[in-house]
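Here come two complexes built around subunit A, the first alongside subunit B, the second alongside subunit C.
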Partner chain A sequence: MNIQSCVEVRNEWDIVKARQSGRNIAKELGFGTVDQARITTAISELARNIYLYAGNGEVAIERVENGGKLGLKIEASDSGPGIKDIRKVMEDGFTTSGGLGAGLPGVKRLMDEFTIDSKENEGTIITSIKWLR
Partner chain B sequence: MRIPILKLNQYLLITIQVDLDDKTALQFQEDLLEKIHETGAKGVVIDLTSVDMIDSFIAKVLGDVVRMSNLMGAKVVLTGIQPAVAITLIDLGIMMKNVPTALDLEQGLEKLQQELGG
Partner chain C sequence: MDKLVIQLLNESRERIYTRWMDEMEKVRDEHRLQSITDKAYEETNQELFEIIYTHIEQNVHKPTDRMTEFAEHLMKIGWRLSYITQGLQNFRRIILAVLLDANQSNEKVFAMYDEIDRWIDPIVNQLINESAKNWENTVSIQKVALQELSAPLIPVFENISVMPLIGTIDTERAKLIMENLLTGVIKHRSQVVLIDITGVPVVDTMVAHHIIQAAEAVRLVGAQCILVGIRPEIAQTIVNLGIDLGQFPTKSTLFKGMKTALEMTKRKMIELE
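Now for the complex of A and B:
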């Protein structure tokens, strides 16, 4: 069984689309209500970051397996300006958009694995996994 | 998309039943303040029973609309926040400080009645 989806993010509506498709996949994989909410929220934060900072990009969601463990992987990628100071964006309360500054450190807490790969003026790829318990 | 705002005596009641996108959330903020102005409502209950996800943007919009309404002289109570939503908000690091809440619509109305003294 190969469960996956990829949502292009170009406007606010696509943020809703990305999180709905994330919720569907999470449900299908057997995640409980709380983890479904965590995954959906993480997707929403990542998709909004793409929309706010890069203008457009995509959110890919897929099922992953590792040594018998089943999980859901989110990959949010864009070719935007990149993140200048990754340490800074991982601080709680840091924001350049007037938001709450909860986004990326929040996503890290909501999910089990979290990596940022970003190059200035080239783009950003954020990969995050939630394992099924 | 517009979120309906109902008037009941001196209160406004809103129950959010859609998956909120950013524009709808901001439109709702404006609509609610207009409605408070138009009706002179003293209290507002925003019921979130059917909301299965609140991210940092929607949390900010909700927190802001509570403070904006307070500035105008109306009290707002958020009701029906689901367990999964409460857990996710705290995970995100969003405490919704100084935002009045109640378990359900009934208790929300009671809370407003107490605060407004009758």
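Now for the complex of A and C:
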């Protein structure tokens, strides 16, 4: 069984599409309603970041396995301006767009694993995993 | 069109017809037309073929009224436009074969084919344009319809209004929510507004941010917001995200919110003996 999907993010409706497919996959993998909501919210945040800051990019969602553990991996990638100061964006309340500044630190708390890989003027890849308990 | 081409096409009409029908049978699955009876499919094919031929007879380089009507009718009953465009493309392909069979010189064949190309392309283009226009029209009408449903403010009791939100909140809708809230609050002289998010599938930081802003704006015009319909899983994600919704009261259901709203306006629900 190999469940995966990849959604290109170019406009606001693609965000909805990305989280819809995330919710479906989460449901299929057997996540409960609370974790489904966490995963969809995380996808929504990451996809919105792509839309807001990079203009376009893609969100890939797939099933991962590690030592008998089953999980769902979100990979949000873009070739936008990149993140200048990663430590800063992980602080609660830091925002450059007038939002709440809870997006990235929020995603980290919503999910189990979280890594950012970003180079200025080259792009950003954020990978995040939620394990099925 | 060149008289010779027309003559050739008229002479070999039967031959073209049988070959064309064969081709159309092959592409039937592509257009998801398996559910249509063989007879209906054949008749439609026949009609399309005749219509294509009327273009030749009338020597026109754009879709005739009959073609446009035919296309519109097919689209209305759920056929794809690609059925017609493919019909025209098959027609072109077969004509080329017929031309080659006719033992003309290569240059002649090329010239004739070029002419047919220039004849068919505008027809295809205009059909596609018209269908795209139709779609755009439908989408824009639906957009307006959706906007009307988007964020209604309903005055329930004197001084108490409810705004039920259902579905995804995007930037455009968030703007509408804010506008409707503020104009509604003033129009209905509401003291308390209940915003019900039971039907909102995902509450992320953007949605929360818009709700907070709307509540703050409502406070500025002298009313109070209560956020209701917070499902348990939404409550958990809001906490995980670290969003502070402490500036206004929140309740799990519309009913509980309504009770609080009545208390705030110094009223209460009682059961009649």
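General remarks:
Simple rule for what comes next: the second predicted complex is superposed on the first by the 133 of 133 C-alpha atoms of A that agree within 3 Å, B and C clash if a C-alpha of one lies under 4 Å from a C-alpha of the other, contacts with A are read in each partner's own complex, and residues count from 1 in each chain.
Please note the rule applied: a residue touches a chain if its C-beta (ideal position, glycine included) is under 8 Å from a C-beta of that chain, and two chains touch if they have at least 3 such contacts.
Being a predicted model, the structure only gives us computed values, none of them experimental.
By the document's definition of touching, neither partner reaches A:R10: not subunit B, not subunit C.
Once chain A of one complex is fitted onto chain A of the other, the partner contacts of A:K88 are absent, as it touches neither subunit B nor subunit C. When both complexes are overlaid on chain A, the residue A:K119 reaches neither subunit B nor subunit C. Shared contact residues of subunit A with subunit B and subunit C: 12-13, 16, 19, 33-34, 36-38, 40-41, 44-45, 48, 92, 99-100, 102-103, 105-106, 109-110.
For subunit B in complex with subunit A, the residues that touch the partner chain are 19-23, 52-57, 59-60, 82-85, 87-88, 91-94.
Here subunit C touches subunit A in the complex through residues 168, 170-171, 201-206, 208-209, 212, 232-234, 236-237, 240-243, going by the rule given at the top. By the touch rule above, subunit A contacts subunit B in their complex via residues 12-13, 15-16, 19-20, 23, 33-34, 36-38, 40-41, 44-45, 48, 92, 99-100, 102-103, 105-106, 109-110.
By the touch rule above, subunit A contacts subunit C in their complex via residues 12-13, 16, 19, 33-34, 36-38, 40-41, 44-45, 48, 92, 99-103, 105-106, 109-110.
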